[in-house]
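Structures follow.
The two complexes that follow have chain A in common; it is paired with chain B in the first and with chain C in the second.
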Partner chain A sequence: MRIKRVFAISKKEYLQIIRDPISLSLSFLMPAVLLFLFGYAISFDIKNIKTCVLDQERNSKSRNFISNFESSGYFKVISYLEREDEIDKFLDSGKTALGIWIPQNFSKNSEALIVIDGSDAGNASLILNYISDIFLADKENSSKINLKIRFWYNEDLKSRNFIIPGLIALIIAIISALLSSLTISREWERGTMEKLISTPLKPSEVIIGKIIPYFLIGIIDLVFSVLIACLLFKVPLKGNLFFLSLVSLIYLFGGLSYGILISTATKSQILSIQISIVSTYLPTLLLSGFIFAIENMPDIIQTITYLVPAKYFIFIVRNIFLKGSPVNYLLFQFILLVLFSLLFFALSIKKFKKEV
Partner chain B sequence: MESNISIDVRNLTKKFGDFVAVDNIEIQVRKGEIFGILGPNGAGKTTTIRMLCGLLLPTKAEGKVNNFDIMKNPEDIKKSIGYVSQKFSLYEDLTSFENLSFYEGIYRVKEKNVKEWVIKTLELEEYKNKTAGKLPLGIRQRLALGCAIMHKPEILFLDEPTSGTDPVYRRSFWDIIYKFSSEKKTIVLTTHYLEEAEFCENIALIFNGKIILKGRPNQLKENYKKDNLEEIFIECIKDKE
Partner chain C sequence: MIYVLKSFIKKEFTQIKRDKRMLFFIFVPPLIQLLILGYALNFDIKNIDVCFCDLEKTSESREILRKLSSSGYFRIKYYLESCKKMDELLDKGKVKVGIKIDKNFSKKKEIQIIIDGTDVNTASISKGYLKKIFYEKFERKNPEVNFELRVWYNPELKSQNYNVPGIVAFLIMLTCLLLTSMSIVKERESGTLEQILVTPLKPIEFIIGKTIPFAIIGFFEMSLALIFAILVFKIPLKGSILFLFFSALIYILSFLGIGLFISTISKTMQQAMMLSFFILLPTIILSGFLFPIENMPLLIQYITYLNPLRYFLIIIRGIFLKGIGLSILWKEILILLFISTAISSLSILNFRKRIK
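And then the complex of A and B:
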């Protein structure tokens, strides 16, 4: 490998990036858009769940029961009903997601009916969680047992704390594979590759030369994402910043190599984009544990998730951010990530053909 | 005299599936010679020149290009040749100067002021800082030629270097070729302008993947008793059809 050639490639690539508005906006605008979109728009916390109440007891115990719901902050009573069939109407029409029916004799036998709109399963299970929280807290008051519930690692149970670290993985996966997969297929499409491979240039020189400028872009995106996560979204960063940087760079390198590998298999830019989106964005979104818990997937899908490097990266990043786990707890995932990155790099060099 | 031979290749064959693009041809080029590969579109000229450059591995071949085995050492061949492809193959978003600098790096040119030498020889001074994509066709081809001679190659391969250009440009192009050839450099080019055959020292006419005529233009005219090469070519092609 000759440094002079690698340098020539990197410099050329750099000049092309800064003169191409599309490359530039993909490099810097897309991560920002994704961060703000996911950070602000997607939240799994629900507040002010619309609730209707049919209180047929109307005494202090029943009012106390209702106020437990309201004071939790999760529920907002928007309507007090008179008749039983009104609950059906309110839930059917979607005016409320929850109906509370307190029949007469509630004070004596403590029986009440709570109806949850189950058409959105995710919301329903959240509501159920909230309700059981309320009751556990209530029990604490009445029986004077000093029972406290605490959630570990994500004390506020803010879903944003959970999403943003995963989002960093998603951003790097897309940026790296997309940008780098375009760079070689673009040269085939424009005819510049034919001239390039007529020179004594080696595959490793082309690939390393092309990776370097995108690696630098990736670092800028990474720093930007971590800063936004910590400063704007106030995600706690409890762990080792150095280890976080190291893991991110390895993941970035693997992503770039993977993109190059894609572009060695196709000479068309459109196909490169499609393959890189389908094979990085989708698995990172669906199979990495980013949003959907891997433990809840069918066995066969769970096995497939072992082939998604984003899974290891997201695991490590979340643990560093939220738990501050020591490095040796994350070693297994770290080693797998290194192996994946090296494998993609080696394959991309092996598959790069210097033939028309 | 081994050292006097630039290219000596026999049984050169390329098949794409069932289609035989180049069929058992034989090419010898002496050092410092201007060798023209002629033929109609689709005859197999580009495939031939790509195989000689090491850009395309032949299905079958024996022999050497610049003393390197054509089957075994295509990467060594690439060190000592320059190649200008049919399509414009430079970076359109880079300036002429940046394109030259790029290939200076790729060929690891050690000599100083090579870019300046190329710019002067090919009269590119006024286009130096212009974006390559915005240059007129003739200038682009001159720039492509410049990028292929940065490392002073022993053999220069040119695939349709004059196609689509005007006669004035073609004249100045041939002046440059003669200048280069006078430095004992070998030039192999393809063209479908039959009148350009006159400028070559040695020619081969390819038709349907086979060489159907070869020799020196003057010799051929004598043999066929014609004073126009074009007529000889057309006669040969008609015979084959």
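And then the complex of A and C:
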């Protein structure tokens, strides 16, 4: 392998990137938009759940019952109803997620009905949790047992601290797949591959040469994301920055190699896009523990998640950020990531040799 | 005009049919994804791993242990008799909750609980579960107010019922957007666009001819996915299936329109891919598919009104879970219709301008 040839390929690829300013600027804009959306738009803490109330008793006791809900901060009464069938209407149309019905004899038999819109199960179980929170508060004070609950690593349970480190992994996965999955298939489709093959270039030189410029773009995205995470979103970075960079670079390298592997195998741009989205973007978003906890998935799917490299990367990044875990706690995941990256790289070279 | 259009559509179909690999990747992966994601997306939190550290070992502390493990929410993974290892288990992420019963528990009645706050969702739900178990099961019930809680539409709170219709919508969007965004740009890149332009085909016919095959594919795939949702996942379909297919068609048209628009403005497939992703990501995040819109800041909530996926999610979830029809959902249908017409006309105009 000659360094000179590798750089020649890199330079050619670099020129191609520079001449397509739209794609280039989008590869920097995309992480920014994702960070902005996940940082500002998403929060798991539900507040002001829209509630409708049908109060047929209208005395201090019923008002007191309602104010229990409102003063908790979780619920917001947006309308007071007159008739029973209005509750149906409000929940059917999704105007409110909760309906409280206080019938006439409430003061005597103390019975009320609470209806929750269960269509969003996650939301509904949170609402259930809040309601029991409100009404358990009294019992907590009179109870004999004293629970001292503390949250470690993320004391205030900030959603951002949970999402943003995982998002860095998602950004790298998307960017590396988007950038590299077309590079080889494009050459095939445009017929420039024949010219490339007729030069004395070796497969490893072509692939390394193609990876280098995208690797640099990925590094810029990475540094940018970590800076935004720490400075703008104030996600605490408790662990070792050097280790974080090392792992990220390995993951980026693996992602790019995988993209090139797809590109080599399909020889068609549309197919490359389809496969890279189905096999990288969706698993990274949904099967990596980024948002959905893996422990809740059925066993078979938990087994599948072992094949998703993002799972290990997200675990490492989160632990470095929030727990400041020492390197030896993360060694297993680290080794697997290295193996995955090397495997994809080796496969892409092998496949390229075969195709040529 | 009809004749020209007919032969153009025939050409499109022949092209699609000849690419067997492509056809395979249009239909098979989305269905596999539906199968995996339908089981994987799950906010129902159970089997939370617990490390139980019992320094007292009395019948009372054992009773607590029994209650915890029989609740179904928690899985006692480690039972320790000294608390040294507990911190390490939490640091390594082996357990999510650490419960410590001190030596003088019988006297002081104090239980120390540490919850890993990295995963905000699991953490806050664990806290709720713990409180429920300790305060509801140990203390005699003596509530001031009796209320009955009812969960409507999805009484078992199965998040599958909510998520699977969403996944169907999401996967169809992915296929429609990606396929169409590549379609025109592919002709441009391979140089066949010029040949088509010298035929008597008008721009509007060209766009319609490009849309129809993908509309049929998208509709066919949607039907397959819906059959999957109903037969495999047993999602109860409470509303009208006819109305569901009708609204699905409008929804498919809206994303075909967006895809065509991307295809008319991009010069290369790389650009088309970057642009589709640039649109795709916010579309998913700001749709209510994974994150409830009500929790977003007001400004961002306004942006979600531009999102076709948002409306279709309301429609498909409404039909499946609530069994509501046109009388409630007419607004969403109208907006979807408006979006699809607007974006399609825009692509036609843009295409006409480009070729002149």
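Everything that follows uses one rule, which is that the second predicted complex is superposed on the first by the 260 of 356 C-alpha atoms of A that agree within 3 Å, B and C clash if a C-alpha of one lies under 4 Å from a C-alpha of the other, contacts with A are read in each partner's own complex, and residues count from 1 in each chain.
Note that contacts are C-beta pairs under 8 Å (C-beta built on N, C-alpha and C of every residue); 3 or more make two chains touch, one makes a residue touch a chain.
What you are looking at is a predicted structure, and each value in this text was computed from that prediction instead of being measured.
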First (chain B), second (chain C), both or neither touched by A:R190: both
Which of chain B and chain C A:A124 touches, first, second, both or neither: second
Chain A residues touched - chain C or chain B, whichever exceeds: C
First (chain B), second (chain C), both or neither touched by A:D20: both
Contacts of A:S198 with chain B and chain C, given as first, second, both or neither: first
Which of chain B and chain C A:I220 touches, first, second, both or neither: neither
Chain B and chain C contact sites that coincide on chain A, given as residue numbers: 20, 190
Contact footprint of chain A on chain C as seen in their complex: 19, 21-22, 25-26, 29-30, 33, 36-37, 39-49, 90-93, 108-125, 127-128, 130-132, 134-136, 138-139, 143-155, 157-159, 161-162, 174, 178-179, 182, 186, 189-190, 266-271, 273-275, 277-278, 281-282, 285-286, 290-292, 294-297, 300, 314, 317-318, 321-322, 324, 328
Partner chain B, residues of chain A touching it in the complex: 2, 4-5, 7-9, 11-12, 15-16, 19-20, 190-192, 194-201, 354-356
Of all residues in chain A, those that touch chain C in their complex: 20, 22-23, 26-27, 29-30, 33-34, 37-38, 40-50, 65, 91-94, 109-126, 128-129, 131-133, 135-136, 138-140, 142-155, 157-159, 161-162, 174, 178, 182, 186, 189-190, 266, 268-271, 273-275, 277-278, 282, 286-287, 291-293, 295-298, 300-301, 304, 315, 318-319, 322-323, 325, 329
Partner chain A, residues of chain B touching it in the complex: 50, 53-57, 75, 78-79, 81, 83-85, 87-94, 98, 101-108, 144, 147-148
